[in-house]
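Take a look at the following structure, please.
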Amino acid sequence: MSELTHFNEYGRARMVDISAKPSTERIATAQACVRLKSGTLAKIQQGKIAKGDVLAVAQVAGIMGAKRTPDLIPMCHPILLAGVDIGFQENPLPDSRGLCSISITATAKTTGPTGVEMEAMTAVSIAALTIYDMCKAVDKGMSVTDVSLLNKSGGKSGTYTREESVG
Amino acid sequence: MSELTHFNEYGRARMVDISAKPSTERIATAQACVRLKSGTLAKIQQGKIAKGDVLAVAQVAGIMGAKRTPDLIPMCHPILLAGVDIGFQENPLPDSRGLCSISITATAKTTGPTGVEMEAMTAVSIAALTIYDMCKAVDKGMSVTDVSLLNKSGGKSGTYTREESVG
Amino acid sequence: MSELTHFNEYGRARMVDISAKPSTERIATAQACVRLKSGTLAKIQQGKIAKGDVLAVAQVAGIMGAKRTPDLIPMCHPILLAGVDIGFQENPLPDSRGLCSISITATAKTTGPTGVEMEAMTAVSIAALTIYDMCKAVDKGMSVTDVSLLNKSGGKSGTYTREESVG
Amino acid sequence: MSELTHFNEYGRARMVDISAKPSTERIATAQACVRLKSGTLAKIQQGKIAKGDVLAVAQVAGIMGAKRTPDLIPMCHPILLAGVDIGFQENPLPDSRGLCSISITATAKTTGPTGVEMEAMTAVSIAALTIYDMCKAVDKGMSVTDVSLLNKSGGKSGTYTREESVG
Amino acid sequence: MSELTHFNEYGRARMVDISAKPSTERIATAQACVRLKSGTLAKIQQGKIAKGDVLAVAQVAGIMGAKRTPDLIPMCHPILLAGVDIGFQENPLPDSRGLCSISITATAKTTGPTGVEMEAMTAVSIAALTIYDMCKAVDKGMSVTDVSLLNKSGGKSGTYTREESVG
Amino acid sequence: MSELTHFNEYGRARMVDISAKPSTERIATAQACVRLKSGTLAKIQQGKIAKGDVLAVAQVAGIMGAKRTPDLIPMCHPILLAGVDIGFQENPLPDSRGLCSISITATAKTTGPTGVEMEAMTAVSIAALTIYDMCKAVDKGMSVTDVSLLNKSGGKSGTYTREESVG
């Protein structure tokens, strides 16, 4: 297990020098889960039919958020995002506590010397926050859970796949 | 339970008109939890001692992220943030799956016609993502959970306190 | 007719001092028109049915663009936007040159010492550019015309209503 | 005529994956036209002489706006803009409705897998909005018309030249 | 002399809570000085005559930079800037080391609970950096000195005037 | 000595076309100096010990500021920053006027057709402004001096090293 690399010899944070790293194709997929009341999910689903589409807004927000990653995460490098795609899956079956959920996945791609994990993580986070924002008038108890990296490929550390089920 | 308000008569998203709402003092506190390996937490804690302080970077990122909320969340109004404070609590005792955690709380304040829930939620999210970014070289399996509103006060809907323990 | 006010005594641009202006409720509505081939409009309308909704993306872009107005227009003051709403009207009847159009209107509101004309103008412009972006693969000849202020109220100069039909 | 490409298999908007596209040199030129009263144009021209130069501010705004394109247009990819140049041509001869005009052209260049049409279109739009902003105290009836792509080269779709005269 | 206030009880940085502070009219003026070769200053002055006006670009950059202050300075509050004005004074008489200079002053105003010192300081800094950028091809040895607050008024700490000459 | 290149044939500012320039590895180091009272420096140093670390915040701000350079400096090209590192050196020995100082150096790297001088200059400027902001409650007389390029390498103009001591 290597050391934290985001610090210089004085122990202060730095943006790691990646100028010697080769350019490779990189893909990363992250997920998040919004837990919400069944009535809130029903409203979102009704809205989709009626064009008042919370998820369409969340999708745009997630894609735009991915592009803002280096503005938001201090040590992230600016990259040339080659593509971002976001998907939503609604899970209307209530869990033991009576909550439904919306699963969000985002896949980001680039060709370059550094990865797109943070872009994918930021995309799902901003998409989830947007759902919260648009539904908070009816359900302040919503929460965002399981923001995590599902898999990534490319780069020196190679392929990663999340082992365990999150949660 | 009221309807989703972020849509106009054509069912399309809008930024809700708040010009008739009175200006009141508003406070909101949100939380997030970063779950990570005990070795990762140990590295963060060692770094704090040695000034390579992941949490100091996350704190700055969270505060700056709170200010970017209306740039990130499409239907959020620009507001005059009057203050943001972020705290971290490290929980080194491993859970049943062997994971430790860092709890993040953020409190945002403003005086105005609309609330600061999203600023607090964004602050903890960006702080959590920053921790992920700075430690992902050693622990890609970290996840962010329980991003939720703990309480808020001010405004027409009054005071809200999260009822149940998250998780 | 008053002089251009955005210049100081040396003839250089300045952000006009509005600190002595009273705070009033202000509303502005702007329009833009995207001219496009009938086949392009048909694709947009089919997409709406199938959820591939160009106009939903343009609406989010326009609202977010309105919030970026002071970042984009050099002498614009930052303001507390109280609301933004955008509407689209599709005009499928071809004109004499065989082109259809989509009319965009945006209404912005604030309470403060300066107006929201530029926020409304920016909202329709960014929404129109987004339509162009999403359809340019099939119709590079699209154009944006008639970006103009329809009406505004509030402030020292009072109410303005566009006299003539644009075009 | 190909289909709209900005949507995924669920009909939701995505940032198109360009990672397989080759890097080529790309140039795009766009135009916009600001229609204004002859007295307004005269003030702008007098200002130029006296250094109160509306067009100099518009030029800076247009160049900076071109750089913000991926922040503004949701599905635009971040690119490495290699150059932006903006020109203005004043047309003092009134048209049949007594209006003069200022023509704006912007040329953007990059070397990469995706084009710069939107950067050129955004540059002329923001430059035009800046002229509106700086002159709106004396002429609220100004309008921006004919925002369109004049030509582009590079990339799979090759060279495009606008056929007809705009208007 | 009070303590540093930008830290919470855990010694971590916070955005200070200003919600209890009264709203007053606030003005701040800052200065910066760009030291450069006489030949460089001559080129800038020739450019002004020929419309290739470095200082016009620097002025727009400084005003736009002032608006970005809360995005740049982590603990700065967002404020409603009511006005910004920037002036340049060219000092063609070489000093003992043969260098000329351009003095920059910026005055920022707002009405609110916190001051505009940082907006004025940021305005002169960004204006100075812009001059550096536009002339660095001919004079990499330029430097920016004496970035400082000349005076400010309003707020609890009242009026401040810089006592000594900077240098 | 070449001419100013940031202007087009009409004498108006442009973003210089760099599409014909080869991609090379580029490094630039800039410095700034914050002059402050000995008591202010003592508070900063005490804070470091107690974790209320002004310099840690300034470091994050400087790195994030470097990434914002093309948003701030009008004619700067967007680049892919490959790394940024910032160092601080405290000079507690008072000068003839009784002032201590903190020296800031920032090194930026990229591989591309244009240099990183402005990124390094912006990094030290924003870091210095952040120190000012966080200490201004106790020392409004602080100033930032000697913002200058120490050295740069790569590109057509080759290596540059600042000849004289600044000040």
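Per-chain residue numbering starts at 1, and chain names A, B, C, D, E and F are given in the order in which the chains are listed.
In this section, contacts are C-beta pairs under 8 Å (C-beta built on N, C-alpha and C of every residue); 3 or more make two chains touch, one makes a residue touch a chain.
Quantities reported herein were computed from a predicted structural model and do not represent experimental measurements.
Participant: Mind listing the chains that sit against subunit B and also against subunit E?
Facilitator: C, F
Participant: Taking each chain's centre as the mean of its Cα atoms, which chain lies farthest from subunit A?
Facilitator: E
Participant: Quick check: how many Å separate the C-alpha centres of subunit C and subunit E?
Facilitator: From the centre of subunit C to the centre of subunit E is 33 Å.
Participant: If you average the CA atoms of subunit A and of subunit B, how far apart do the two points sit, in angstrom?
Facilitator: 15
Participant: I need the residues of subunit D touching at least two other chains; which ones are they?
Facilitator: Correct list: 10, 12-13, 51, 53, 56-57, 60-61, 64, 68, 71, 74-75, 78-80.
Participant: Can you tell me, using the touch rule above, whether these chains form a line, ring, star, complete graph or other shape?
Facilitator: other
Participant: Could you list each pair of chains that touch, in label order?
Facilitator: So the chains that touch one another pair up as A-B, A-C, A-D, A-F, B-C, B-E, B-F, C-D, C-E, D-E, D-F, E-F.
Participant: Can you list the residues on subunit F that touch subunit B in the complex?
Facilitator: 48, 51, 53, 56-57, 60-61, 64
Participant: Tell me, which parts of subunit F touch subunit D in their complex?
Facilitator: Going by the criterion above, the answer is residues 8, 10, 12-19, 70-71, 74-75, 77-80, 112-113.
Participant: Which residues of subunit D touch subunit C in the complex?
Facilitator: Checking each residue of subunit D against subunit C gives 1-7, 10-13, 39, 43-44, 47, 50-54, 56-57, 60-61, 64-65, 68, 71-76, 97, 117-118, 121-122, 125-126, 128-130, 132-138, 140-149, 152, 157, 160, 162-164, 166.
Participant: Subunit B touches which residues of subunit C in the complex?
Facilitator: Within the complex, subunit C touches subunit B at residues 25, 55-56, 59-60, 63-64, 66-68, 78-88, 109-111.
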